[in-house]
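Report on the structure given below.
Chain IDs A, B, C, D and E follow the sequence of writing; residue 1 opens each chain.
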Amino acid sequence: MNTFLLADLANPNVVIQTVLPEMILAVTGIFIMVYDSYVPGKQKVTATLSLIGLAASAVALYMLWVEPLTFASGFNGMILTDVIRLSFTAVFILVAALTILISTVWVDNEKVPAGEYHVLVLFATVGMMFMASGNDMVIIFLGLETLSIATYVMAGMRKTDLRSNESAMKYFILGSYASAFLLYGMALIYGATGSTNITEIAASVGSATFPALLLVGGALLLIGFGFKVATVPFHVWTPDVYEGAPTPITGFMAAGPKAAGFASFLRVFVLGFPLVAGGVAAQYLHESWVTALAVIAILTTTVGNFAAIVQNNVKRMLAYSSIAHAGYALVGFVGAGVAATAAARDEAIAAVAFYMLTYAITNLGAFAVITLLARKNDRRTDFEDYNGIGFKSPVLSFTLSLFMLSLLGLPLTAGFIGKVLVFRPALEAGQTLLTVMVVVAVVNTAVSAYYYLRLIVVMFFKERNTDWIAPKIPAAVGVALLVTVLGVFYFGLFSNNVIRAFTSVAEKPAVSASNSK
Amino acid sequence: MEYLNENLLTILILLPAFGAVALIGHQLFWKEEAHLKWLTLAFTILNFLISLALLGNVAASENGFFFEKNIPWIEAINTNYHVGVDGFSLWLVILTTFIMPIAVISTWHAVEKRAPAFYVFLLLLESAMLGVFVTLDLLVFYLFFEASLVPMFFLIGIWGGKDRIYAAVKFFIFTALGSLLMLVAIISLYYLHLQATGTGSFDYITLLGSIQSGKLVLAGQAGTLLFLAFALAFSIKVPLFPFHTWLPDAHTEAPTAGSVILAGVLLKMGTYGIMRFNFTLFPEASREMAWIFIILAIIGIIYGALVAMVQPDIKRLVAYSSVAHMGFVVLGMFSFTEAGMQGALYTMLSHGVTTGALFLLVGFIYERRHTRLISEYGGLSSVMPIYATFFVITAMASIGLPFLNGFVGEFMIMLGMWSSTILSGNWNQVATMFAGTGVIFAAVYLLWMVQRVFFGKITNEKNKGLSDLSLREIGLMAPLLFLMVFMGVYPSLFLRESAASVRGIQKIVIGETTKGGTVDSPPEIGQVEKNLPDTN
Amino acid sequence: MVTVLFYILAGLAIACAISCVYHKNPLFSAVSLIGVFISLACIYLTLSAPFIAVTQILVYAGAIMVLVIFVIMLLNLDEDSPHTNLAYLYGFGGGLGVLLIGQALFVFYAVNRAGQKSVESTAAGQTSSIGKAMYTEYLLPVEIVGILLLMAIVGAMIMSRRLREPSVAASSEE
Amino acid sequence: MEPSLETYLALSGILFAIGSVGVIYKRNAIGMFMCIELMLNAVNLSFVAFARHYGDVTGQLFVFVVMAVAACEAAVGLGIIITFFRNRESIDVDDASIMRN
Amino acid sequence: MEQIVKTIFPFVVIGVAVFLAFQGVLMIVAYTVLAERKILGWIQGRIGPNRVGPWGLFQPFADLFKFIFKEELAPDESTKVIFYLAPLVALTCALMPIIVYPFGPEIKGSFDFLPYGLGEGITSLPLTIAQMDVGVLYVLAITSVGVYGIALAGWSSNSKYSLMGGLRSSAQLISYELAMGASVIGVVMLAGSLNLSEIINAQINSPFKWFIIPQFIGFIVFMIAAFAETNRVPFDLPEAETELVAGFHTEYSGLKFALFFMAEYVNMFTVSVMCVTLFLGGWYIPGLDLLARTIGMEWLFGAGTIGYAVVSHVGFLTKIFAFLFFYIWVRGTLPRFRFDQLMNFGWKFLLPVSLANVILTVIVVFILNR
């Protein structure tokens, strides 16, 4: 027998613990898939299994969090356990769990194949987690695609509905289009530096083989990631896709993939293209991406908010609002980019993570309510459908109002702390453009009051013409709502612990990641 | 007792919020709506009584805060829950707790639909307003400042008049826009402090200390921009001309209780903010920009009065009179004299009482006739003598008749402005004279309105059967009337408490304090005046 | 020799690519695209990457395009008619094309100017070295690819399964 | 004598440009999808060229991964297109406009 | 002159080799057709073709002439370009794998006798046209491209029968390709190479080293998949006359039909070669080398000599013919699957089994190597 197999396979630098959260989820997904193929359609079982898997994954994540020192990196530096990974992964797990809870009602209503749906959610979460943990462009790309492909399918899961089909198709075409740009960017960065490892790229941007390719590659990456997180020139897909996709999926898409996109985006740009002393190209690169992102942030907040004003469909309004929120997160992103010290940078990154956390919670809560109110086949998602339901279903409408206020960024809610944290670092640099960016973002927040309040206005201040029966709140959705409401208040009032946890990762010395090759 | 003293302000803030939770709990388990107003009243009165405990304990000192409590909130950004009162905020706190029970009683029969939510929002509003006046951490201040919008938004939007949605949204967006810029300024301050001293801070006292000791220099463009960001937020809230357009709408559409609170307390948050933060944190910018605010204030006074004159709607008229009165307050503050600033504070208090009373009175008649148009009324004095009496007295107080509360404040403001040195040449006196015309205008529009509504023959048949004020309504008005008279004849009771604090602020804003040290001993009375150059 | 071959293949690839975009009939486009793929596979051979070349044919030509042609046959697609309500896209597309061609030329110029010597004769393209890398250095990506494929199967099944009344069991269980 | 790196990159760039223009010009979803595949292939060429330049296996592995991803995308994407077609009897993107633009 | 010869020589050698190989394969194919007709005849109690030449031995040429002189018809509504392209694609793809076939062992010896120093440094002559590093994958890749011929033919004929036949055929090929690929993995793992010659080298010296023994499951799966890949009975659904007339080539006639026809038989030959190479030791004849050494005729047919190569090549062909006979035998014996059975069988039985085989192999290899 040939000895090739084993002799050369020694030491692939496998550190299983580093990918334990991801692995647990993947295994859970596979298990559910197998289970579902024998006992199809048991939503309660598969949902419970998924939640157990997510909980186990969360435990594994917690273990990583408290003891990341011994294996901060693994798999030849492809996985890096740092602030981006840990904080964002926590967001993803939360998003996935809430999505599963929220979608129970939808799965029942639409007769969706429950097991397969849960598998997709779990795999999408695995993809997101890899996007956050990947310190290599291969992993980031793979995570992104895992996530995207799962989401394409999820968007089209209401198969008999044309809006859902359309949503899935548009998302698929435009998403793959964006992936192609992203990939081209990755290729050029690889060509410029000779490596796909972010740490190594960061080390060699100052002395790249082909410095000019760095700029082109950076620009293409900007387009690709911009697409994924829906920043303005590349946001065109968002409204249609969000409107057409089944409501719980829309909530998931707005919360999870966006956060995952930001995780990779942050890692590639903030950590991968730092400001390096020496190396004109590297400096120019850093300067240009910061400037470009600042301009994009200005555009994104402005367009997102102003376009949201004129919408008549709640989901569409929230789609534009999600664009605007991507803009706010970008403000923090730029702040991380210009941070003077590593500690400040990590703090800014944690701020973006925290912002995505608050946004995810709020947004998922809102979509939970909208799912309940939309009824079967997402029929009732126009503003008119919300007329005067305020006191007919006080629990739902008051929670929805709370979420709207949190999205608006009103104090005492999670959204406020999130906004404060992301606006903070960008002001520190004291550059005019960045200050203008923050001011624009802030003015836009005031503009956003108009459409967020509009929902509250129609719910409470208008009268209802026709009869309307308040939907019953199923237990699972009730739990999700409770979690989100408590979350909104908890992060609004006692966010200290969370922020400290998010930033504490950085305080520990990071183990060198470059032990590959 | 020590514990109680330490946490008195926290209790003040949290008690109404707790009341709101209790109301929700009550509603969940008993579902008896009749209890709600009693519960709410009990909570507000209790709060008022607690707030009176502050009175005795605030000693006269210039830079001192009392009942301080400082616990870390978010360590990552070094923001603390830091509360405390001085002589300045003391009165505003008490004004708030005083107005609240009155507002609650005023809604005794007016609120029929969705009563539980109404009282919940009322109580939450009280929490937020109290928070604004006692917070010494800028971020937390902002937080309460914004948080006060939501209950008011709902109060106007759900229980308001015909155009309530427009009014509510306008109110919200105007105020939110301004305050968000203030948020940027607050965060910038944090970083300026971080750059200057190595630690960022949102704490008012820390910032003030750094500025006074020269560690943090907020001069030049940065200072001006920050000043403007703060001032814009507060000017919208005040509201200063030309940011006043939300006020008439909000007042007209709000329910009576909402109007009373809006006029009585919410507007004061703006002037409070200018005096507390703008003057002390950016004294140089304040001095440089004072002329703008003085001009705007004078325009506000005259414009408010002139527009009030032509209003067909009583409530709108009162709303515009608020614009004029708040113009006076701003004018007084920007005179940078002790008299002017004390007068501004006093006008804030008396405006709260008087305008609150006016809105209550308008509310009474509205409950009876469901209209507020002046043309619908006429000769009411014959059918409602008590009401007419009350109304006339309140109107007089609002005009600023001597021996009523309005007079004291406005007189002090004009005195302060006259002796101010903030404008070059004789412009101070010119400004005072312009402001003085405002008083005359106020007399014109109020008296004309009173004449049209109360005197002459009853022109409208519907008014013949109107009943006079009920006992509840009289009981509601009595404390207010008493206060009008009391504040008119014995102002020093109030001014004494606040003198030291106001003087402290005044000294900072005119650049009196020596850099590097704080003033520990109270300066002698009159020292400030002596140091001012002779204007004549 | 290799250069001549390269230019022939490159010309073929570009011609096929243009034909793929130009043809209105999806099947002609698909056939042109297969041409591109095969030309590229041959170009990979000139880059001493036989494994990638064969995988290219196996995956792109042998699997993906078969699926595409399958679907085209299944749906019996008509020819494209020109854009009606999306006509503005023509202008946008032209602009984008010019921009990207410019970018390609810029890359050419930049790399040409940098004038780096490439590494001579390497074992990197050898199947065994790729295999080794796959199971040592790049173990994790390969495993994720596994997950991805699994998920794609599930997704494709969900999407293309005929609409039986799903979850009858679930509804009856409630 | 081999063609130099920049020649490969230029070819890759041109193919990418053709593909991306094609995505915009095509009207039916399958055509768009094919043009996206063309773009991915163009990128692969870049990767392989760079891998050759650096004598590195990374680029080729990346290409391998991209191919796997492309296969997955094809499976799912064609499924989506078929579903769309079943409901509408057309895969023209002009027809995909139920929702307001 | 020397330079020119040196430049041209490799091409000439490759050209000649390719020509020879193609001719050989096509001849084999031609007579496989004849053999099939004969054997089927015997199985069914008939004689089979016996008119042209002795025992009908010239029948293939007669058929060829018939095809050549027949009128070329193309349906009016067909898409002409693709209609003409399809058979070419089919045959090209069928013939392309030939270049990696290991027809025999390499011949060791000196080639200095060649003029201009052409043989300098060459010590052995492999009986393979291209020693491809990725031979197995290459074969799989090219055969998978062969689907296009069928699919395009079905589509371009613009006929329902053709379309359905084409669809069925493509579906079948795609489905069974997976199982086939997976079944080969075990062999590749044991041999440690994708090069076909290397795979054979891993099997020589003893018949017990043939991979059919450790990889019996893989062999069975490969065989079944091979039947499906070549659209042979019992997997000849695409051409089921009762349902689809003649499947994808319903509309084809004349030379174009002949091309398809040839492509099918070349494919048969290809899978037979693959089967022999992967599982049955390829050209290796057990004991041949030992026999030569024992009887002292190493110079004639000891390992590395021309004689050894010739005898081994004959052994190779014998194994292939055995397989081809098996094909024909099965055709004469077994009934046809239903389409859903076929798909189910492929996806739900064959693929899992072959994957299980891979895992099993991994485990066994792992344990044995420890």
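Keep in mind that, in the parts below, a contact is a pair of C-beta atoms (placed from the backbone, for glycine too) under 8 Å apart; a residue touches a chain by one contact, two chains touch by 3 or more.
Keep in mind it's a predicted model, so treat the numbers as computed, not measured.
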Give me the fewest steps it takes to get from chain D to chain E if each step has to go to a chain it touches. 2
Ranking A-B and C-E by C-beta pairs in contact puts on top A-B
Using CA atom means as chain centres, which chain is nearest the centre of all the protein shown? A
Determine the centre-to-centre distance between chain A and chain C, using the mean Cα coordinates as centres, and give it in whole Å. 28
Rounded Å distance, chain A centre to chain E centre (Cα mean): 52
In whole angstrom, what separates the CA-based centres of chain C and chain D? 5
Residues within chain B bordering two or more other chains: none
Sequence positions of chain A contacting 2 or more other chains: 4, 138, 142, 145, 149, 152-153, 156, 159-160, 168, 188, 191
Flagged in chain D as touching 2+ other chains are 9, 12, 16, 19-20, 33, 49, 53-54, 56, 61, 65, 69, 72-73, 76, 79-81, 83, 91, 93, 97
For the complex, give me every residue of chain A touching chain C. 4, 8-9, 11-14, 19, 26, 29-30, 33, 39-43, 75-76, 78-79, 107-108, 111-114, 116-117, 119-120, 123, 126-127, 130, 136, 138-139, 142-143, 145-146, 149-150, 152-153, 156-157, 159-160, 168, 188, 191, 209-213, 216, 516-517
Chain A to chain D touching residues, read off their complex: 137-138, 141-142, 145, 149, 152-153, 156, 159-160, 162-163, 165-170, 172-173, 176-177, 179-181, 183-184, 186-188, 190-191, 194-196, 239-240, 243-244, 316
Given the complex, residues on chain D that touch chain A span 9, 12, 16, 19-20, 23, 29, 32-33, 36, 39-40, 42-43, 46-47, 49-50, 53-54, 56, 58-59, 61-62, 65-66, 69, 72-73, 76-77, 79-81, 83-84, 87-88, 91, 93, 96-101
Seen from chain E, its contact residues with chain C in the complex are 79, 82, 85, 132-134, 137-138, 140-142, 144-145, 147-148, 151-152, 154-155, 163, 166-167, 170-171, 174, 177, 193-194
Please output the residues of chain A touching chain B within their complex, sorted ascending. 347, 390-391, 394, 405, 408, 410-412, 416-417, 419-421, 423-424, 427-428, 430, 435, 438-439, 442-443, 445-447, 449-450, 453-454, 456-457, 460-462, 495-496, 499-500, 503
